[in-house]
Structures are given as C-alpha cells and as structure tokens.
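Structures given as structure tokens follow.
In the two complexes below, chain A is the common chain; its partner is chain B in one and chain C in the other.
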Partner chain A sequence: MRLELGNILIKDVQFGEKTKVDNGILFVNKEEIISLVREDDNFISVEVELARPGESIRITPVKDVIEPRVKVEGPGGIFPGFMSKVDTVGSGRTHVLKGAAVVTTGKVVGFQEGIIDMTGPGADYTPFSQLNNVVLVCEPKDGLKQHDHERALRMAGLKVAVYLGEAGRNVTPNEVNVYESLPLLKSIEKYPNLPKVAYVQMLQSQGLLHDTYVYGVDAKQTLSTLINPTDIMDGAIISGNCVSACDKNTTYHHLNNPIVHDLFEKHGKEINFVGMIITNENVYLADKERSSNWAANLAEYIGVDGVVISQEGFGNPDTDLIMNCVKIEKKGIKTVIVTDEYAGRDGASQSLADADPLADAVVTGGNANEVIELPPMDKIIGYTEPVNSIAGGFDGSLRENGSIVVELQAITGATNELGFNKLSAKGF
Partner chain B sequence: MVKEIERAGIPVVHMCTVVPISLTVGANRIVPTIAIPHPLGNPSLDKAEEKALRRGLVERALEALETEVDDQTVFEK
Partner chain C sequence: MKKKLVTNNPLVKEKFDNKLKVEFYDIDYLKILEKVRDMIHTGNKLLSHPLSGSVKPNETPYKTVIISENKGHLDIDSLMIIEQSISTTTRFMKDEMTPDWNERIREDFQTIDLSLIENVLRNMI
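Coming up: the complex of A and B.
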C-alpha cells in the first residue's frame, strides 16, 4: 500500500461567497455549511464561527476536531463506512488542508467535553489553538437522546470536513509525503537486518458515549485485528468519543497519529515498521482478557521484535494497557507503552490504576490532574457554563470575570496518549 | 479503602469487575462482578433473572467473607 499525502498549507480562514482555497487562504461559504448540517433535522439551529491562532477566543464544550481531507486518486473515499462506502482506503493520493480543522460544539453531549483556547496559557496545552478552525455550534432539538445527539454531532463534523476537503481537490499541494508499507514477508525480506516493529493502538470502546469506529464498525464489537497504517490517514478510524478531553483521540488525532508517522519516519533506517494492530478497551473483564490475548497472539504471529502500545483514556483502560504490555512481553517481544497520568494535583499519587514490573518502558503524556488558570477571553464560541461539570472542572471552576480554573483534563488534547502534545518534563 | 479497613482488623470482600486492578492494589478476598458500568447488575436480563444474579453475587461475597484465606483469593464460584 502506497499513499501520497499532499499537504495544502492553510494559513488563514475567512468567510467567502464560494468555498475554495486561494493562495493558502481557506474561504468558507457559511450558508452552504449551515444547510449541509441542517439536512439532519435533529438540529434546530447551526452557527458557523471562525477561530484563528492568537485570537482571544475560547471554544467549549468541544466534542470533536476533524481535519479536512479529500481522496484525489485511488479507491474509496475519506471516512469509509460513514461518508464513503467501505472500499479499502490508504492507497493512491489524498489532499490535506493542513492548518485547518472543523471543531464541533453546542449544547454539551457528555460530561467529558473539552476546552480550546486560541490564545493565552491554555493555548499552549492544546495543539488545536494553532489551527484555523471552522467551528460548528449545533443546537439539538428538544428531547434528543444523548446517543442520538452524539451521533448527529459526529456526522455533522465529518460531513463538513469532507465538504471543506473537497476544496483542496484541484489545488497543487505545497508538499507531498509518501507512506508505503509492503506485505509482511516482503517487508521482512527488504530489511532483514532491522528490528521488526509494530504499533498496537488501543481504541476507546467502553460504550456509553465512549466509542470509536473502524470502517463504520463500533470498535467494542470487534476483535483485535491488523490494519494498514495508511488506512487511518484516510479516516478509517474516527472518534465518537466523549471521554476526558485531555486524553481522548479526536478524529484529527487518528488522521495524524504521530506514532504512525514517526514509525514511518524511522522505517528502513532504524527499524522495519511492519504493521499495525488495533484492539479495544471494553468494560467486561472477559473482553479485556480476550482482546489483549488476541493482540499478543497477532504480535507473535507477525513475528515482531518490539511494539509500541498506545492507550486511550484512563482508569480501567489502564488494565487493558497492562494486559497488552505483559502478554506481549511474555511472548519475548519488547514493549513501550504510551499513556498519561492521574497522579493527583501534586503529582504524588500512583499514576496508573494498574501496573506490572514488565511495563518498564513508559512514555507519559503528562499529569492530567495539574491545575491551570485560564484567563477570560473576549469571545466564547459555545457555552462556558458546562466547565463546572465537565471532567477536570469542578463547582466554582468558572469565575465571575470569565476566568476558569481547571485540571488539564478539561483541555482538548492536553495529555494526549499518542504524543500529540508538547508537555515534557526535565529532571534536575 | 479495602486495605485501610482491613488494617483496622475487619475483613473485606472486594466486589469488582476489573480483578487485575484489585489484585494490584492488594485486596485479599475478591469477587468478580459483571461490568464496569453495572458491577452488580445486568440490564440485559429481565427483572427476575437480574434479582437472582444479584442475590448470587451477594451470597458469594458473604461466603468469601467467612472463608479463611492465606493469600489473595479470587472467588470465581
């Protein structure tokens, strides 16, 4: 599978009469977006707002962030199983509006939505403050059930991302990167002396608004399986997730998974990146056992020397993480786990709910319990009231002057467990 | 909580879904339960079946409480 990703660098977003990309500026026809979202009669009103880097804007409660992409060559279309048929994606050529994103907000769906500040101290903690965001403020009709609301908002975001991506179809990209993975045996043959490495991605699948979809399939109903890493660059995995904002993988994260990109970067040089395994995080112990057994068996079967395992969310998925780690280590395969920490506000508590001596190589996205004060912003897109009740917030989080005191947990992407953030620590 | 109560000399049965975490934190008597969102029930069962399920779990926990243990023990049945 060989995929060319053509990045069209977007440096600004503006409203315009026609949706198009012109000289690095994304022009957006507001009315067309509104009518697109209003096709779903679950929404009684839709507002479209723009939020650019450095503007004094707070977006909350954020549900998902999605990067606009369009398939220009090769089979299938972006977001297979949702916006396209289920043809296999991940080959040919895809254009990306790099620097732009669709952000969905409106009445809060679940209690674990997030905050994106476009400037100030909060902006440093979320990668989405650096993007030119087209924000959808979607208001559901009265009585819409939570799960239907989640689905409707999820689909609205995907739809608008595909609509905007289409504007990049005939634009010459500023840069083109090529990602290629060979059939397993050929890959091993090509780089016989490099250590064989796979990526094990754990997908949040606890249900009750904590779900991820693969080619349209609800991940909690899946067994661990292999997936071509370029498939995810075409949107094979999407978020339907209202888990804590700091460490949920938005659809944007899935499209730009930095572990996949870094493994490709080192492929053929330091390592042989031979494949990717996806596994889930369910709420029954038997499911946890079965899925981690299966992930370990697949890692053994493809014959790798090492794996990188990433987690999504926290709490009981810590057990899935440790099960994956321990079972794969016991096959004689080295593991590195990527997680984050809930170590208390002073950082002194146990970081994970589960642990094992075999988990001896750990990358952390940071401590989600750290408290931060976010100063007031000139403009709010969405509603600030939910910050008192979202995960990471508490009664009194929202102050009278509009400033907010929250744990990092409430900031979208702050302690991301794919490493799509900038938190780091130094020892002295 | 399990450990602190036991430290005070009162035996504890930890009823929980994620047994590995219970083992990691050091509970001595563990009764596995149904699922994380509904540890002591199962909404997919009808009322009578669910009542029987719940009663079974509580009885198993009480039996565990009466059982002498030398090491961490999971009461599967």
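Coming up: the complex of A and C.
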C-alpha cells in the first residue's frame, strides 16, 4: 500500500462567494455549509463561524475536530463507511487542507465539555489553536435525544469536512509525503537487520459519547484486528467520543496520528514498521480479556520485536492498557505505552488506575488535573454556561469577568494520549 | 454466570428491574463502589469495570456495576480492580466533590451510565 499525501498549506480562512482554495486562503461559502447541515432536520438552526490563530476567541463546548481531505487517486473515498462506500482506502493520492479544520460544537449533554482558546495561555495547550477553524454551532430541535444529537453532530462535521476537502481536489499541493507499507513477509525481507515494530492503538468503545468507528463499524462490536496504517490517513477511523476532552482522540487526531507518522519516519532507518493492530476498550471485563488476548496473539503472530501501545480516555481503559502491555510483554515482545495522568492537582498521587512492573517504558501526555486560569476572550463561539459543569470545571469555574479556572482536562487535546500535544515528562 | 446489577441510577432500575436482579441503593458513587467491594469480599465476582466511562468519578453521581450473583472464593483480580477504583475515586473527591447538579444534568448522567451498561447487557438478556 502506497499513499501520497499532498499537503495544501492553508494560512487563512475567509467567507467568500465560492468555496475554494486560492493562494493558501480557504474561502468558504457560508450558505452552502448551512444548507448542507440543514439537510438533517434534527437541527433547527446552524451558524458558521471562523476562528483563526491569535484571535481572541473561545470555542466551547467542542465535540469534534476534523481535517478536510479529498481522495484524488486510488480506490475509495474519505471516511469510508460514513461518507464513502466501504472500499479499502489508504492507497493512491489524498489531498489535505493542512492548517484548516472543521470544529463541531453543541450541548449534547448538560455537562458537555471541551475548550479551544485561539489565543492566551490556553492556546498553548491545544493544537487546534494553531488552525484556521470553520466552526459549526448547531441548534437541535426540541426533545432530540442525546444519542440522536451525537450522531447528527458527528455526521454534520464529516459532511462539512468532505465538502471543504473537495476544494483541494485540483490544487497543486505545497508538499507531497509518501507513506508505503509492504506485505508483512516482504517488509521483513527488505530490512532483515532492523527490529520489527508494530503499533497497537486502543479505541474508546464504551457507549454513548464514548464511541469510535472503523470503516463505519462501531468499535465496541469488533475483535482486535490488523489495519493498514495508511487507511487511517483517509479517515478509516472516526471519533464519536465526546467525553474527557483532554485525552479523547478527535477525528483530526486519527487522521494525523503522530505515532503512525513517527513510526513511518523511522521506518527503514532505525526500525521496521510492519503493521498496526487496533483493539477496543469495552466496559465488560470479559471483553477486556478477550480483546487484549487477541491483540497479544496478533502481535506474536506477526512476529514483532516491539510494540507501541496508545490508550484513549480515563479510568477503566487503564486496565485495558495494562492488560495489553502485560500480555504482549509475556510473549517476549517489548512494549512502550503512551498514556496521560490523573495525578491530582498537586501531581503527587498515583497517575493511573492500574499498574504493573512490566509497564516499565511509559510516555505521558501530562497531568490532566493541573489547574489553569484562562483569561476572558472577546468572542465566544458556542456556549460558556456548561463550563461550570464540565470535567475539570467546578462550581464557580466561570467567573463574572468571563475568565475560567479549570483543570487541563477541560481543554481539547491538552493531554492527548497519542502524543499530539506539547506536555510530557522526562525521567533522569 | 448469573449476573446482578448494583446501582444508584434510577434509570437503570427502571429499565432492568424485570429482566435482571437489580440491587438499587440510594447512596453516592463512592458508597456504591464500597458496597461492591464488600460483596467481592463475600465471594461475588466483578464483571464490569467500576470506572466505566471517561466521565470522572467526582463528576457523575451515578454508577452501575455488574457482578456475579453467585458467590465463590474471594476473587483477587476483582478485589484489586475495585480497590484501585475506590482509590482513584477518593483521589478525585479530595480535590473537588461532585457538584449538586440540576435535574437535566442528572438525567444526562443517568443516560450515560445506562448506555455504558446497556451495551454490555444487550446481548445477554
């Protein structure tokens, strides 16, 4: 599988009469986006707002962030199983509006969370402050149930991302990166002296607001399996996860998974990146046992020397993480786990809800309990009332002058467990 | 293995009362975990993770845990998981107690807790 990823660098976003990319500026036809989202009669009104890096804007509560992409050569289309048929993606050529994103907002539940500040101290904690964002504020019809609201918002975001991605179809990219993976045995033959490494990605899959989809399939109903790492660059994995803003993987994270990118970067030089295993994070303990058994068996079957395992979410996935780590280590395969921490506001408490001596190589995305003060912004996109009632917020979080005191867990992507953030810790 | 639900979520009680054994207690999140721990000490086995969901333990007031109805020997794995869950919950509550939510938000939390359990039980009853 060989995928060319053509990055069209977007340096600004503006409203315009026609949706197009011109000289690095993404022009957006507001009315067309509104009509597209209003095709779903679950929404009674839709507003489209723009938020650029450095502007005094706070976006909240954020549901998902999605990067616009378009498939220009090769089988299938972006977001297979949702916006395209289920043809296998991950080969040919894809264009990316790099530097742009669609951000969906909405109060699916009363404690809906997720803050993106486009400037100030909060902006340093979220990668999405650096993007030219097209923000959708969708007002649901009365009585829309939480499940239906979540699904409608998820689809609205994907639809608008595909619509914007089309604007890049005939634009010459500023740079083209090539990602290629060979069939397993050929890959092993090609680099016989390099350690064979796979990536094990754990997908949040517990229920309402806690779901992930693979080629349109709800991940909680899947068994651990192999997936080609370039498939995810075409949107094979999308997020239906709205809880725990700091360490949920948005669809943007899945499209730009930094572990996959880094493994490709070192492929053929320091390591032989031979494949990717996806496994779920279910509530039922027998499911956890089954899924981690399969992940370990697959790692053994493809014969790797080491794996990187990433987690998603807080609490019980710590148990899946340790199960995956321990079972794979016991197969004689070395592991590195990527997680984040809930070590209390003083950082002094145990970080994870599970642990094992075999988990001796750990990368952290930071302590989600750390408290930060976010100064007032000139403009709010969305709603700030939920700030008093979000994870990491508390009664009195939202002050009269509009400033907010919250734990980092309220900020979208702040302690991301794929390492798509700036926080970490080093041991010496 | 026969199962029972230990819960403080009225929505779970309403939904499953006629289908499964449901032990409903009008107590807080931490006390539900402590009740489950006591049951594990008397031989019940833990079947769902007590920290189900990424909603934080000092955020949601509701918790449903699935355990075995039958009693056997003390299951050490179950005990480890419930003790770690209690320790995590206590740690969160030390920094900030669960707020006194309004009715709408309470219903949302009930719906989330139900959804986490419903997805497990759908194929079992």
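By our rule, the second predicted complex is superposed on the first by the 419 of 428 C-alpha atoms of A that agree within 3 Å, B and C clash if a C-alpha of one lies under 4 Å from a C-alpha of the other, contacts with A are read in each partner's own complex, and residues count from 1 in each chain.
Definition applied: a contact is a pair of C-beta atoms (placed from the backbone, for glycine too) under 8 Å apart; a residue touches a chain by one contact, two chains touch by 3 or more.
Because the structure is predicted, anything quoted here is derived from the model rather than measured.
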Could you classify chain B and chain C on chain A, in the superposed arrangement, as clash or fit?
-> clash
In the superposed arrangement, does A:F111 touch chain B (first), chain C (second), both or neither?
-> second
Of the partners chain B and chain C, which touch A:M323 in the superposed model: first, second, both, neither?
-> first
Can A:L208 be said to touch chain B (first), chain C (second), both, or neither?
-> both
Counting residues of chain A in contact, which comes out ahead: chain B or chain C?
-> C
Examine A:A425 and indicate which partner it touches, taking first as chain B and second as chain C; both and neither are also allowed.
-> neither
Is A:Y342 contacted by the first partner chain B, the second partner chain C, both or neither?
-> second
Would you mind listing the overlap between the chain B footprint and the chain C footprint on chain A?
-> 206-208, 283-285, 288, 316, 318-319, 353-354
Parts of chain B lying in touch with chain A, wherever the complex brings them together | 17-21, 24, 32, 34-37
Complex interface listing, chain C residues touching chain A | 46-57, 59, 66, 81, 84-85, 87-88, 91-92, 94-96, 99, 101-102, 104-105, 108-109, 111-112, 115-120
Flag every residue of chain A that touches chain B in the complex, lowest number first.
-> 206-208, 283-285, 288, 316, 318-319, 322-323, 353-356
Show which residues of chain A lie in contact with chain C when the two form their complex.
-> 109-111, 146-147, 204, 206-210, 220, 241, 243-244, 247-248, 282-288, 313-319, 342, 344-345, 349-350, 353-354, 369, 388-389, 391-392, 394-395, 409
